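A, B and C are the chain letters, set down in written order, and residue numbers restart from 1 in every chain.
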Amino acid sequence: MRAKILLSILLLVLVFFPTFAGPYALSVATLILFFAYAGQAWNVMMGFAGQLSLGHSLYVGVGAYAAAGLYFHTGLGAWAGIWLAILLCMLLGAAIGFLAFRFGISGVYFALLTIAFAEFTRIGFDHIQWLGGPGGLFIKVEHRTGWDLVNLRGTPAMFYYVMLALCALAFIFCFLLLKSKAGYYWQAIRENEEAAQALGINTFRWKMLAVVISSAMTSVAGVFYAFYYNNLFPEQIFHISRSIEIILGPIIGGIGTLFGPILGAAVLILLSDGITEGLAALGWEFPGVKQVFYGLVLLVVVMFLPRGIWPALARRLGVGK
Amino acid sequence: MDPVNVANLALAGVLTGLVYGLMALGLSVIFGVVRVVNFAHGEMMTIAMYAAVVLFTTLGLDPFLAILPVALAFFVLGYAMQAGLINPFITRPEHSQFMLLVAVAIIMVNALLVIFGPGARSVQLDYLLESIELGPLLLDRGKFYAALVACAASAALFAFFRYTPTGRAIRACADNWLGAKVVGLNVKHYYAFTFGLGSACVAIAGCMMVLLVDVTPPLGPYYTLLAFVIVIVGGLGSMAGALLGGVLIGVSEALAGLFITPSAKSMFSFGLLILVLLLRPQGLLGRRP
Amino acid sequence: MSALLEVRGISKSFRGLRAVAAASFDVPERGVVALIGPNGAGKTTCFNMIAGVFAPDSGTIALRNSFIQELRPDQVCAAGIGRTFQIVKPFAGLSVLDNVMVGALLREQSVSAARGFSLSILEKLKLATKANLPAASLTLPDRKRLEVARALATRPRLLLLDEVMAGLRPTECDEMVAVFRELNRADGLTILLIEHVMRAVMALAQQVVVLHHGEIIARGAPAEVVRDPAVLECYLGEETEL
């Protein structure tokens, strides 16, 4: 009950946020929602099913390039690109999952395999001139005053609401997943794969499902990214630091929890923005300062709150997970 | 394609590969004993490279002479990192250890960026421009010496593990830490010692690497990935495998430029990594777990 | 009538070392059979072959006349064989109830049906009061019970118990024995157990199979087997609770 009240208040604030927020605050909030969504998607694989992916930038990148490339070359908007992005990323996730799980690759080795595929793709995209190569892919920037949801063209507030809707849907979807057979099976696999298999769980099939769902969800974040920023560079979007940015949120917020990715993204981005502002005010504008700070926050959280902020906070608030 | 040219490139690849091998050896030794994957390995490598550059530009110390102080400092740093940071994480899940080291890596690479800026730094020594003639082949003098040092350091490490009591004790900890604990070995001390040794390897490799390339902060993550590629190709935990993997990657990077565009050369390495992970996950010289 | 489980001449070697050599035995429908023998006799290897962890090098295993020796562990479980692990493997981060529900979801149609069924099993194993505790907080005897509850939740025809009595106090052991007797008598559950605790073997098993160096050296009713000179011989110098 208490959880529901708190959730309603949060939702109410988020829905009315653009009416009183300035453009800067709105862009920060959109970014938070973006990472909350991507973190939620990653959480399905690692937090629920226990498969550590360090290459989720792959799905963001492929999703972004699929939608942007389609728009760039054929003029078909986001409504079409999203399906192409989801399809491609599901196939990609399935291929990686199939190779890894069939060959019995797990843990650190699996993580390294995901990095390898992301890096492989990053360098590969540098050589696809058709998609701009290392010089980047730019799609036409349009400043519209209205909302064109079908083509994902419109005001910053529209992008904010799109991301908010995605986050809410992802939250509900993950909530339902956790309560379903899949949720139970994934958590069993995460906790002890051998015991899970002895209880009749086809671990290969369920792990595959986790990877495919996670990659499909992540690709949607990529589509959003493409039409929000209007430019894509392999060096940025596929880079391992992008993968790490995605997973920091859920890790700081609480792996395997539903609120963890949201809380983590908010904490991370607000703090880093605050720090950047603070340093700018002091005149210390060196490249890298923000990332040092990221590293320190991460270090403190993994050392002292190994399960993340949310489980500790949830206990304080007197609400369940 | 001129065969002499190809041979020269391959030879240069072997020499660079031996330095890569020494770097990867550090990672491999740490994983083999402590069972922790050092995700900050390449970042430590770049710190060593900057240390060599700074010692050269401020004191005029030749990187070959810088080996001693840098390696010593890195041994202490590695020991402290393991004793202070990583030992409490030994019993925690893999992803938790990984996040710890990612945090360390992020701090290291960006601290370098803050201190030295994004520009490239290098050492300028006259003998780096000289070559040694070997029949029709040409050897880069700097590369040649660097590879010699890498070989010597690797040999010393092999000998240490085989012949010294401390080395044997560390191997005992690696085989069976519970057993080692039971017979009264201070396992945590030996873990820290091993991390120190692995760091010293990286330090030496870093001092040598400044003779071959200019250093920039983003080299850190790149070397971390490269070290992973090498040890996984060679076999995580296998010392000989690390050297072999280093040479393989060195040669393939050197020759990749001939067959595909140079900018795609690391695609080749990652392709190799994916193949090895799938077909022989224990690596070329590794034992099945 | 043929037996529920028929094991015929299964062998397994690890790196040239013979762990099990041509072992054959039956577990009759509604029977309780104990597999005993000194440490390293090949008992757990036998179990792992039956449970599908690895396939035998040669020989066949049949459950109700269909061969299962090539199946994966999950397929074996779906075929009707539940197992416990000698070293318990609880899903430590999940609650006791959720642990059991994972097993129950194999055959129950919905999550809520699985919850109901799991609660009834927890009741049977006297874990109902701890249903909402995290599994990590349980004591060893409770963890062993949980291991059994989880396996039972898959509604097995045959239950494989790998040393579930080890580490239990005599009274706890007797409680467990009573639970299995009840399951066997009332629900018709067939049980194959590996056990060192002879107190439990004598109380539960109708038939005992003795393994030594991977070979079956004796079989029969518990009271006969413990008097068999060959059996006494193989335990000589071994630390046992015989």
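The criterion applied here is as follows: a residue touches a chain if its C-beta (ideal position, glycine included) is under 8 Å from a C-beta of that chain, and two chains touch if they have at least 3 such contacts.
Values in this document were obtained by computation on a predicted structure and should not be read as measured data.
Common partners of subunit A and subunit B, by the touch rule above, are absent.
When C-beta pairs in contact are tallied for each pair of chains, A-B comes out on top.
Centrality by C-alpha centroid: the chain sitting nearest the overall protein C-alpha mean is A.
In whole angstrom, the spacing between the mean C-alpha positions of subunit A and subunit B is 32.
Remark: subunit B and subunit C have CA centroids separated by 49 Å (rounded to whole angstrom).
If each chain is reduced to the centroid of its CA atoms, subunit A and subunit C end up 44 Å from each other. Contact residues on subunit B toward subunit A in their complex (touch as defined above): 37, 85, 88, 92, 94-96, 98-100, 102-107, 109-114, 117-118, 217, 221, 225, 228-229, 232, 261, 263-264, 266-267, 270-271, 273-274, 277-279, 281.
Within the complex, the subunit A residues that touch subunit B are 46, 52, 99-100, 103-105, 107-109, 111-113, 115-117, 119-120, 123-124, 126-127, 134, 240-241, 244, 251, 255, 286-292, 294-296, 298-299, 302-303, 306.
Interface residues of subunit C facing subunit A in the complex, by the touch rule stated above, are 51, 72-75, 77-78, 83, 85, 89-94, 98, 101-103, 105-106, 111, 150-151, 153-154. Looking at the complex, you find that subunit A touches subunit C at residues 179-181, 184-185, 187-188, 190-192, 194-203, 256.
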